[in-house]
């Protein structure tokens, strides 16, 4: 891990630093003094972004890297009109094997290989042979497996980190297992299949090689329709796969957002789809609350002004009770 | 149980019957032939309603019972202009101890005393002493206990039968218990308290001595505000009850409908309130689906045209799979 | 064509008729007089539906045909409690080759083979080779061609007749051609591809062998997602088909309803998708107005109380002007 | 009253000032030059807020006051990167009796004791004895009286000043009196009771000892439910208070926001509740317009860009007419 | 007034009647028995509508009156398949001077000439000369005066009777006068002008010569735009009328529905427009409640199931209090 | 054209400039140093706005021009706290004939006289004599003609430039002509009349002598009602103009926004009004997309983050295809 992050720039005001960054923007511009050009940069790491300027040899250096590259930078932390800025003295392009991706992306704190094994074990436990071979057709596809293991679950909202999708699915599977036991109406394997495949389209909707971004395909098609395309591919590859099971799984994927205005082209119309929508939504909201109530490395707050995923303020039950008990209220 | 129900009237067209009914409407009217008056009645039992007419001695009989009374009726099932009608020959008022209430109201198929015991056992298991004494202050109140054991959970929608409220709460408690184990953020006793008290206002919002109706207080105040009034009463009766726990429980009751447009004056703002909303809603919708997919005494359908509580059609996963498998699709 | 239609039943009150019908419902029921069973039927043709009763030999006749069959019926047009009813004297099952489908379904007044040829000619005119081979991959598929030529465009709303989908597409193509000439920004072949494929999923969403119904797949998946599944199939079958063209066509299909609440999981985000939404919507609404303003076989009205597809009343410009001019207003 | 307010800071750029402030935020931070710590403050008075910095003896001074304290400050008005800032030279904690609360809170311009007397006189005029004793049970409660006399009516919107609630109620009562005379259907005392009690929950929903803030109870419960809780308390304290009057008053309080999406759990369903909603809303909006059209100490504008409480721009009838008349339009 | 009304038809079952009716529908149809034609009629008066049949001399009688005519009818009240029907024996067309319009239309119970005088007196009291001459330009226009004195205020909702518009305006004026005294910001004459002219377009939006109907112009243009057209006409006729006053009055008319979705193309943006919207809405809703709580000729109810203009049930405060007091609650 | 525009100020930092500006704001303020007053200005041209300061002789210069004047300015481009500012050394008021309006307003790139001729030629082609003389009554009115030729079509959204209204109408007319040919139901001249007159009210809703602003009349009345007022004027001026044609044209104007919530007081209820709404909306949105996809003087983008008029991101089909083809996707 690198030892300077942009979040700490203010502490280094006026000093020289050296670190790795991702070049988010790069533009060669005319100098106002008429003495040729300068380079205007935006440099990022996993903690933030900062403007940079190359005043000397700008045109030569500009030829040595592109927007989107990782770079090694030597610079001075200046303050210009009240904003911090990196005055770049040297900048060198880096290969992917020269950086630590973790310097640029938040990553799951859990063991992703272990989670992956849990996922596969769950599928092995299916009693419905068709659903089992269907889900394994996904998990045994090397490209899907590779992307599924690392994909974030979102760009901003919940589980926006490397491995977030897998984490979310594992937690959801456990909740589904409990609920399937509670509701005898539910076809357990079908519900779990829905939990594993409902968001699988995110592995192509998002890109996370560098920052977390929507792909152009993701923007135009969306993860729901990408998932149904993958489903079509996989069922085609399975000899004699029953059409009605394809239809049921496709229906769960299409309807899992729960309402048309949230982007599901169909309302949930089978018990497993209705239930999955509730459990998926509850799981995501509970995570958002956990992150708000137990922020990493910070004291737990009593009152949280606005939680984005819930669009409202939040009160932390535990700290509120502790505080009130302490006051003897 | 009586042996003639209104749902079977068509089978008795042209024959005489004798049975108990509830008088839903009663009007003395002028006969068209100028020969005095006749009685126009609406008679109901738990299976439906039918018009009745008393042509002879109408004024004398009219003095012997009131709208809202249970009556013993001898009549002939006539057809008049294509509609069935009871031509009443004799009608006698009944005391409450002469009828079986079950003839007039749908009732839970489960043992309500057993459910009540389960409810109390759950509260006994609370580790939080304040929440435990609060909930017992409700359950130990004889009037609340009596009404809670028999109240329906709704007039129409879900659990619209005697004991429906208790049944709903017992099932919800089990789901809450599972979810509290799954989400460490959750204060288990607070969540369970919410499950037990969120709908307690329904014991005064509805009346079910005869049919299921909203009380006038229910119409003007609503079960949410009735519940917070009961809560105020009970906490006042408990010496030194902590105000912050009152506030948290009141918040859960107020917010359990999940959004303002569904009648909650506050959005859920603590983890237990957010989660209870999901679980309560899911539990009610799953019941509606179970009733639609497994109708009592009827073959399970594949396609259900419109399920009122979900405002959409439904496909029954199990029968759909069985049918498709049979067709070899 | 048969010579008795249900719409004319009132003119035959009290007389005997003989004609072909589709059995929409069939139930064997207990007679009230205790003398065995009778058959309760609902019989339909393209002009309406009527109840039927078989009183004699009901159980024997009941074994000779099923719900969904076409039948030849001899009956008397009775009036019972103010409603017409067919008292059926004889009923015989028919094979498909014994009936004229046109007796049971409204059909396009236009030459569908000619429209099909126009459709293919339009595709031949494409300058974009990839879009041309893509659309022909659909049109050359014998099953798709067969269904596309006869599918209705809707169950109720617009173009709800045999050949309605093809008619709608041909008219829309002409409108698109004009608009593509008017807006230089538009990629003409892509817009026309969208016009041809946007509703292709309806060929499996609906069934029209007998009445017009949604298939179960149609209910659970919807024509938009069926269309993207077909697209996936066809592009897979075309060697080296460019992914970005697949993406653009898929986007147009997904977004053509124009907003999420109308069932499109994506908003139109490319010029061709935005424009197609307007033209498709305008074309459908103009047809609904044409049908309301110029009803077949009826005088053109001035004021139309409520046009379902537009959810409002309508004034017929032409007749309103003629009437006002006649009055000298 | 102090003689320097933050709204005038710009006029004192570069000069030394001394004044009382409320410490809204206080943080001890590391200096960038490595020479220990500095204090970062946000200081407020009733006219605004400004950042402050303590560079010398920061750690010692930091121990002498807390966030939320009132302080006496000597400072120089600096400009740093285009923003004004107080460079604090000395800071001393003040007791409540050393400050004038009026320096920190906007206050009603009217005589609150006189308004309070008017309020009580109105209640004395009630002919309905139950409503009279009910309202006096509130007004005679010393804590309620103390808070009611000073509470603001809102944090931001209308009447956001000390005494604002009482002012709003007095004006509303007068409007209600007029309307009760105009509509014979209306029960005058019930309407006036609604006017006096509808917002009484605000005395605990808000805190205004220092700034105007929501209490945590206010956030979780809201003023509507706080008011119904107080109502329960007061009716319990009145021997033989009729339940139906409790129900009517509670209904008015619950429904006075007029619709569910504005936080009323019940729609107004009695004439007095419907009317009170209109009058209360009109009274609040008229005040917002009066403040916009006749701003204190400023010339009356013709056009007001956006009035927050009305979410639209406004034209001032009087000045518009005067201007147009002057131009001879 | 005629002595038989359709609301009483049931009491005359089987007897002969003679009365005046309005012919709402008239169709000559084929008899089923092949013996020529019969006339199918719908006959109405102010209490309802009933079907009529002419079996003898139908074609001859059909030539003697048209749909929309008033007629004198001799008929027998038959019952056919459970519905009442008039078997017409003779029918004669009536001139307008042969009928009493009051037999066909509900009419105000108040003295319309007196109300008209009150209206004019109010305008005389204006201190603003321009507004005074503007309103008199309307009231002195003989056609406007004639229609304004008799127009209903609506087809169904509130004040749906002859003179309803004038009644509504007079009541509203009184309320406006009170409110103008209460709010010093308000320009009294402008507010009253708004009250008099806001609905003036209804005199052409509706027709009430016979039944209450929308005119075709009313459907296409609406009363708001008709009113602004009349305003344009009148201000054009007044020499040197100030444009800014025209603009203010037009704005009040345009915005009086209060929001775009209720058909106002502009939100109220001046104090008089905002206030008029509240008062007009309150006045209309209070009338609807008065009619529901004090139905003419019926006992006042406690609970009213659904009041159309308010889209909710209603509780009648007075009868509820009386009933509860009687029960000692 | 002047040779310095505000968009280029950054290139002149530290240098002296001289140019024409419009004075958008002007305030005389106290200097902090106690040495009298200074002038605070906001200066604009068609490319942007910048603050200006007059430090010397401020009071004398202040008397020589007003807010809203065009001025000739000599100044130095300073940077103060990181923001550019004009330090004004001299400022002189200009008459309208001394400036080029084009320096202050964006202007159509097309020949407006030619467009005007096309507009008149279209009207000449009308076969309906009444519609022809109606439209010419507008176009022959010198003031209308003058304003119509230069009006922008909007303040911000689409066609926000001099001549934008005329440009929009010409393009729309061509689209209408095509559509009228495609839909035989459509009355071509009525549709074209709608296209020409639907937005004519904008000539008084907006002012564009200097910047683009709403007039006060525009704010209070809106262009739809202004247009119907002009229509009333013009039809009054035409002897014997048929009322029903007035009604139809007025209906098209009123309803062209397509729904109440977008400010149309009536829904489109005739075929021409329904179609015009689609074509007008499509035309405006296509223009917004053209401007986003082909920005003047910039390379065509692939992805556009958010297009304001469409409230969504956009993908540029052409560049996306070119880019993908280049990458061989």
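The letters A, B, C, D, E and F name the chains in turn, as written, and every chain counts its residues from 1.
By our rule, contacts are C-beta pairs under 8 Å (C-beta built on N, C-alpha and C of every residue); 3 or more make two chains touch, one makes a residue touch a chain.
Since the structure is predicted, the reported quantities are computational estimates derived from the model, not experimental observations.
Enquirer: Quickly list, by label, the chains bordering both chain C and chain D.
Expert: Expected: A, B, E, F.
Enquirer: More C-beta pairs touching across which pair, C-F or B-D?
Expert: C-F
Enquirer: Copy of D-F's interface among A-C, E-F or A-D, judged by over half the contact pairs being the same?
Expert: Same contacts by residue number as D-F, out of A-C, E-F or A-D: A-D.
Enquirer: Can you work out the whole-Å distance between the CA centroids of chain A and chain E?
Expert: Here chain A and chain E have centroids separated by 62 Å.
Enquirer: Between chain A and chain B, what distance separates the C-alpha centroids? Give it in angstrom.
Expert: Whole-Å distance between the two chain centres: 45.
Enquirer: Mind pulling the chain D residues that touch 2 or more other chains?
Expert: Counting only residues that touch two or more other chains, chain D contributes 81-83, 216, 219-220, 248, 269-270, 313, 315, 320.
Enquirer: Among the chains present, which pairs are found to touch?
Expert: Touching chain pairs, listed by label, come out as A-B, A-C, A-D, A-F, B-C, B-D, B-E, C-E, C-F, D-E, D-F, E-F.
Enquirer: Applying the document's contact rule, which stretches of chain D touch chain E when the two form their complex?
Expert: 174-175, 178-179, 181-183, 185, 187, 190, 242-245, 248, 267, 269-272, 274-275, 278-279, 281-282, 285-286, 289-290, 293-294, 310, 312-318, 320-321, 324-325, 329
Enquirer: Note which residues of chain E are touching chain C in the complex, please.
Expert: The touching residues are 30, 32, 80-83, 216, 219-220.
Enquirer: Give every residue of chain E touching chain F within the complex, in rising order.
Expert: 216-217, 219-222, 224-225, 228-229, 232-233, 236, 247-248, 250-251, 254, 260-266, 269-270
Enquirer: Considering the complex alone, what residue numbers of chain B touch chain C?
Expert: Against chain C, chain B makes touches at 10-11, 13-14, 81-82, 302-303, 313, 315, 320.
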